[in-house]
């Protein structure tokens, strides 16, 4: 796998194993106990973690906490305006899939017995969308969650972070027949397959979602996508560590 | 009216006729035809104007256009987390009141016959809330709308802007017995009366909404509130002109 | 201001400072603890106050009560039939604005600590609509509320009325360039500006909502509208006192 | 069957075959093409028929019209306040059953080919409830419908009424072991069985709904209920003819 | 009444007093405490009774139990596909009518004080529809309910069944001018009147719902329909006893 | 990989590469153009394909067709009763995820240009659930879809099937540390990871969804899961071919 040449096919000219420019700005939201503005190129997602002093009914009197996520897009975060879900009166199936994915991913690296009967809700709101909003949300959501646990430590509520590892995510896909890392919108809307990988900081698999957009693809291609994802997520995890200092 | 002393009662220490620091950043949203990030102190609202090539049913074949607005708050824009309206499945009465107000205010300075059968939807999403979100939204919304009409001119779709004037808004209130300009959250949540004034660039009244929070107030107090509003809006209009340059 | 000439412009021929014929019939609803059928000319609103022995969650164990309102229109109260909100599955933004306004207005003259942990819900249902339904509802709602408190006194639950004053309301507007009192439907649907004033019995301001329907209007016009409203509300308050006699 | 003695069991003291006082006031609603305020004792229902110049999709281009009904109760029409269906966001199963029943009953005496592609919507809103609201609604709804067809005749849109007969309704039940006519609320809430009969002017059966509230009842009892209903409906039909006379 | 000739009018060729082939298969649902797959010819309904260890709020601390029903149709149980109610976001008026009817019918033969504070929910889901789904559901629902009570006896929770009798149901109608038993879809969609009869095992009336589809019908016809129903239900009750035997 | 030993860990005693007993019964639904009752052991799903002579708005006048799916569970298909989605008024996020997955999977093997502007809706309703409902639905849905296209061929509407291949699906997981094929409910509710694989008849990947339920898992484990899936799906495809004959 040639991991550094210039791609002749990617609209952005990126090499096939090149991420877009990624930035993570912790504390961006003024009021939240933890927050992070994450940018994957032109995709900007505001992640805000709120500490709530109660748990869902199924956890009452269990001594355990919960981490959950909600996801939304500003109506004009997209290239053309999307209807506001609050005005339509319900969240789309896509929205629900994504927020369930984010919540599961964050819980996979959290010790739910380590912060009492509290819920952390991580709101991931897309301010600008250019592909990969769910993977950016997971990557930035971990930073917001880390900060929220730090806030609990600072208040003396808990002694150490319940985070037992890192989690980050990236999308990969088959575009113009070539496996590429970190799809932007131009690629995402015209690819043959796309896959979202959620990995732990030490390379373990947390979630894999791969979809053939057109025709079935081969296992060898899947293996290439996973290798690209590991490469990208290694870099994301380094940036997360830098962000939470 | 003493317009420059330091207030002994305002939590912020502002003079009673002093606005918070206001900034207007046009073009903040990447994809919208017009946009503005408006800040009134700690209140940040992203206004995005989308040009849509169709009108509501009641205007079809009328040759006229429409301007409307939608309003939302990110769940953690507030001091403690607010439920997401999309998840609750409906917009609150407060949200509906505000978006109707923004739409009426913008239409009051627009020639609806001047841009064909198009709708401009101005989405006003609160990223951070510290009082006065609806007045910030109107003030920034005008900038976004101006930019969207500029986009139509640039495309050759229309020859001149259908805007026939400026519109800006500010809240005033009676706090600790004193009439003050531009309430922040600390004042808004403890005032005796609050009022939202929407004025045109030449000082005409477009909307007035005054509410006694506790007991009725006097007409002389109302007159003071209106004078404060005119003072504040004069400054906001100057900033709008600078922003659209 | 000439307050008694015959108007040459009003469709009804009323003088510009003339109310429509107003009647207040307490006790019209058979089962409610307090009620009033209020008529402003062709606008008929049935106000029914129900005493409910519990308060909303935010007031539990506070020792305080609550007054709230709901508003609705019979589908054929209007000139042409309006869809039934229960069938559409939600209340319109207009309905929510109006019922919030009625509730705030009634609370402004009520001592919420004076009747225990009870809620009074004032249902205002429009049987026939000809403009000014919300102002009629506030005016009649006060009578219904007064009667409900009388019912509590009669039962020995409280010693004296928690009402600390009267509240009544009227709309004014600019029609054919002239400021006029108590808009009917013909005027309301064609005016340049309309305003709803909610005043206390001693002339204090409780709510002001003024809207330019077309272009901005001047402060001097606003002052005329307010003067007309004070004139009209003085008469309404006298009728309220007669009704609760 | 003794049809005239004084009942020793009925709370109202009525004879077992005695209706409550019934009145029919056509034209009560100001704006509707047809209307009737119907009273069965303490049950008051406002029926308003609206002529709408379009039909439901399944009848387009069929040359046929449609008659339908909607039903609602004012929240405080009842002894204790009932939640407003518009606020709850949906109509109850009971409401839907009733409005479907009213619509079917009225269509059973209407020639749907006799008034073009129009829909008549008969809104039946309960202003005060004391048992038997659905039967009062059918009885008064026929008067409103008759008046609406008269309005179409008056406008020259149709030559003769599409009504091919009368329809009226009454409830009967088994109370304290005795079959009785026209249940009021006190009886309805404590009866062993109740039945709603919808009959045509010439005694034909249009709808029968009989329900054992407690234990099954005998066919002989059912026959008594039907006989009582025929007796009561004969009188209602005479009152309808007088009302539209 | 000739009860055994071959009908010259029925599409199926059945005699006018002939039921379709009826089968009752208890225990069809794998997990439910009681269940029955009931077939009335081409109408197949799966009835599943679930024992739930709590009651609705109005029965808490009453010592009484509750029996209720829910009804649904698979989207393609019908001749052409019907929209899925879960996707449309609400149950139709027809669905609500039917499930209320099933619940009332089952409660009429149940001693609600005989099984503690439990709720039995009987889900009746139509797998295939060919007319008479609600009457099949009641007939099969009783078997499922019987089995659920047997399960409670088997667990030692109750000593004897709270069922105080049987309940079964059948539809009858006037088709081509002739009164017939157990309408199938071809008859149901073209009949002059249809009626649903719910009777107890000893012939008592529990529910009667008769509707003129076209024009009013005569009492003598109603009497024929009831006689047919008694005939059919006698057979259904025998099959129920065999099924739970 | 030992593919035939008896598992010492699986609750069912199955070998780790053993499927449950699978049956496919085409034509089970009486009215649908195509249908299949599919059983994966105790999981029974009724798949019904309906041919609808119109397409969604985004395909009108495109000459292309559409294949979509809806998914539901009977309330008592589950071990304990689940709320009916139609009664709750909305489909869960899980339901939406599953029906989107089924639709995408079926479209991946269909030539959407091969059957005109028609929509095939494949309803997948779970009659009994014991793990793996979505994979059973895809496997049976393909048979129903095949039959529906056969129906169109039989009517002469199309000449050949638009299916360009087979699609089947199975779940795999890590249970008690061991990778196993075709999870049943006992395994699914206690596994360390579960994965759903949707493969084409020639072994291409169509959808992969893998989730760590507890802690991240290794790529080598993922590879084992995929190998198990290929093994299972080879058998499923053979059964599909037998079923469609």
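Order of writing sets the chain letters: A, B, C, D, E and F. Residues in each chain are counted from 1.
Criterion: a residue touches a chain if its C-beta (ideal position, glycine included) is under 8 Å from a C-beta of that chain, and two chains touch if they have at least 3 such contacts.
Bear in mind the structure is a predicted one, so any value in this text is a computation, not a measurement.
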Other chains in touch with both subunit A and subunit D: none
Chain pair equivalent in interface to B-C, over half of contacts matched, among A-F, E-F or C-D: A-F
Cα-superposition angle relating the copies subunit D and subunit B, to nearest 5°: 120
Distance from the mean Cα position of subunit B to that of subunit A, given in whole angstrom: 33
Subunit A-subunit E separation of Cα centroids, rounded to whole Å: 51
Contacts with two or more other chains, residues of subunit F listed in rising order: 89-90
Category of the chain touch graph - line, ring, star, complete, other: ring
In the complex, subunit D residues that touch subunit E: 90, 93, 96-97, 99-100, 104, 108, 165, 193, 195, 199-200, 202-212, 214-219, 221-222, 226
Subunit D to subunit C touching residues, read off their complex: 29-32, 35, 42, 46, 48, 50, 52, 70, 72, 74-81, 84-87, 89-91, 95, 121, 123, 125, 127-128, 130
